[in-house]
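In what comes next, subunit A is part of two complexes: it sits with subunit B in the first one and with subunit C in the second one.
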Partner chain A sequence: MELNDWLLALHLLSAFALVAALVLFTVVIVAVRRTDSPEQVASAGRLLPVGNTAVVVGSLGVIIFGVWLAISLDGVKVWDAWVIVAIVLWAVATEAGRRSDPEFAPAIERANELVAAGRLEPDAELASLARTSKGLTLHLIATVGTLLILVDMIWKPGA
Partner chain B sequence: MLASIRPDSLNLPLFVHVFGAMVLVGGLLAAATAAFVARGDIRVLRVGYKTLLFVCLPGYIVMRVGAEWTYSRERLGDNGSDPTWIAIGYITADLGALLLLIALILGGIGMRRARNGAAGMLRVSLVLSVVLLAAYVVTIWAMGAKPV
Partner chain C sequence: MTEEGILFLHLAGVLLFVGGSVAAALLRLAAMRRERPSEIALLLRSVRPVVPIVAGGLVVTIAAGFWLASELGISLSATWLSLTFVLIGWMLVVGAAAGRQDRKTRELAERLAADGDAPSALLTRRLRDPLNLVLNASMLIAVVAIVALMVWKPGA
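What follows is the complex of A and B.
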């Protein structure tokens, strides 16, 4: 196996880690939006640390190995249109994802506080925090942006 | 270079395959995480099982349809034998289907038993997702690096 084979494999593994994190976040968002029970929101929130690790590893890995691959491969240049489109989409998706995290954090914190205080009945403030439309919109932008990167990577417009 | 060695007719089947695989792996990550962080909490195990059922199963079907579609378009097996990376893909996909099915059946039984507070079956179901996740990480590496 040559260096480029390894770079492609690591780029692909990073991409899977990134999308896996987005799927995990989607599962958590769906779970917390469907309930106003502090226990259920707190339970779903326990999945988040693994998603946070995966999204950091995936986001960094996909850009580092992707650019390295574009430099290393003879037939690809970093300034090729489809590579630039991918980098722009990556930046947009990463920033949207980064901004969505603090939108959902207060709901998880509130749920943990309520559970710690033994207040397990449905909570209106918690329901409001968990159903943040700004957080959902940012998550959708990150997800659609990442999906468009996949489309761009496969069709390679202009290549 | 990568684009020039792949015919355009493969783009859509490959997209379907990769998209399904990404959804499948994402669901497995969520289910495996649920198995690890639940610590007996049935609510977390239930989220994990529902992820297996509503995310991993559709993801697997899309991945498998895309794989067969890509394989038939690329005519990889026309010279009699498949490359090793294809063989790895087939083995993990077929064994993975079996394991996923077992996990779904065990988890389905576990969801019923969980009403009485018994979480064992649900936990076993989600532990299988950890095994599946590990197998698919190896498969992703093989698909990318294409050893032999």
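What follows is the complex of A and C.
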């Protein structure tokens, strides 16, 4: 069992955690956008910390073990075009994902306020906050960016 | 299609299958930490849209995997592939059994939510059923084992 095999296994497991977080965020976003109920938005919002933990573990694991692997493997250099493209895509996807989180925060806060006040009926302001197009766009950028990293890993442009 | 194209399909399928499975497991774990049936029902309902992702990912993984093995001339009777098939079979059987149990738990949570939404000892017991937890944990262990088989290819 060589070090490179371990690095590859940890790199893959990190990628799984990252994709799991993206799936979870998609479920939360779809759930939040499909309801006007403060209770349901607040409940869905409580899933975000779980997703945040998975996305931090996945994002950091992918980049740390990926760069380590690039340094460790004989035929790969960190300055190879496809490795740099992967790092740039990772940075774009990570930043887009990080910025999408605060876009949904006002809806979650509003839902929590309404639930705390005992106002459980559908709320127009909550519906408007939950259907943020900026948050959805940023999440889509993070998802597409992650998919493009896989494309880059397979076809290795410039290699 | 080129080998790269098939490998892309295989890995995309794996990412969807494993990512979806982990997301479903996280939703279930989150449900275990709630008491109100309406919240538990919401979390277990959220697993439903993940199921097609998991199923689709598994189908693409297996189909592209066979295709890739054929293109690369890898024998399907190789030890590491045989072990992978056994683990995939295990996940299919266990996934179906655990999924059926989870569906009954969700239906119970929905009934309780509609009937006053009071915490229920029966619902908590169903969510924390040791057999169901062991089955779910065994699937995650199988995923890690498959990754290890793909990386180290014992017997190859």
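The rule we apply is simple: the second predicted complex is superposed on the first by the 159 of 159 C-alpha atoms of A that agree within 3 Å, B and C clash if a C-alpha of one lies under 4 Å from a C-alpha of the other, contacts with A are read in each partner's own complex, and residues count from 1 in each chain.
As a working rule, a residue touches a chain if its C-beta (ideal position, glycine included) is under 8 Å from a C-beta of that chain, and two chains touch if they have at least 3 such contacts.
Treat the numbers as computed from the prediction; the structure is a model and nothing was measured.
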item	value
Clash or fit, subunit B versus subunit C on superposed subunit A	clash
Contacts of A:Arg119 with subunit B and subunit C, given as first, second, both or neither	neither
Touching partner for A:Lys134 - first (subunit B), second (subunit C), both, neither	neither
Partner chain in contact with A:Arg34 - subunit B first, subunit C second, else both or neither	neither
Touched partner set for A:Leu73, first subunit B, second subunit C, both or neither	first
Contacts of A:Val19 with subunit B and subunit C, given as first, second, both or neither	both
Partner chain(s) touched by A:Asp5 [first = subunit B, second = subunit C, both, neither]	both
On subunit A, positions contacted by subunit B and by subunit C	1, 5, 8-9, 12-13, 15-16, 19-24, 27-28, 31, 39-40, 43-44, 46-47, 50-51, 54, 147, 150-151, 154-155
Touching residues (chain side subunit B, partner subunit A) in the complex	1-4, 11, 14-15, 18-19, 21-23, 25-30, 33-34, 36-38, 41, 43-44, 47, 51, 55, 137, 140-141, 143-147
Of subunit C, residues touching subunit A in the complex	4, 7-8, 11-12, 15-16, 18-23, 26-27, 29-30, 38-39, 42-43, 46, 49-50, 53, 143-144, 147-148, 150-152
Subunit A residues touching subunit B - in the complex, by the definition given at the top	1, 5-6, 8-13, 15-16, 19-24, 26-28, 31, 39-40, 43-44, 46-47, 50-51, 54, 73-76, 147, 150-151, 154-156, 159
In the complex, subunit A residues that touch subunit C	1, 5, 8-9, 12-13, 15-24, 27-28, 30-31, 39-40, 43-44, 46-47, 50-51, 54, 147, 150-151, 153-155
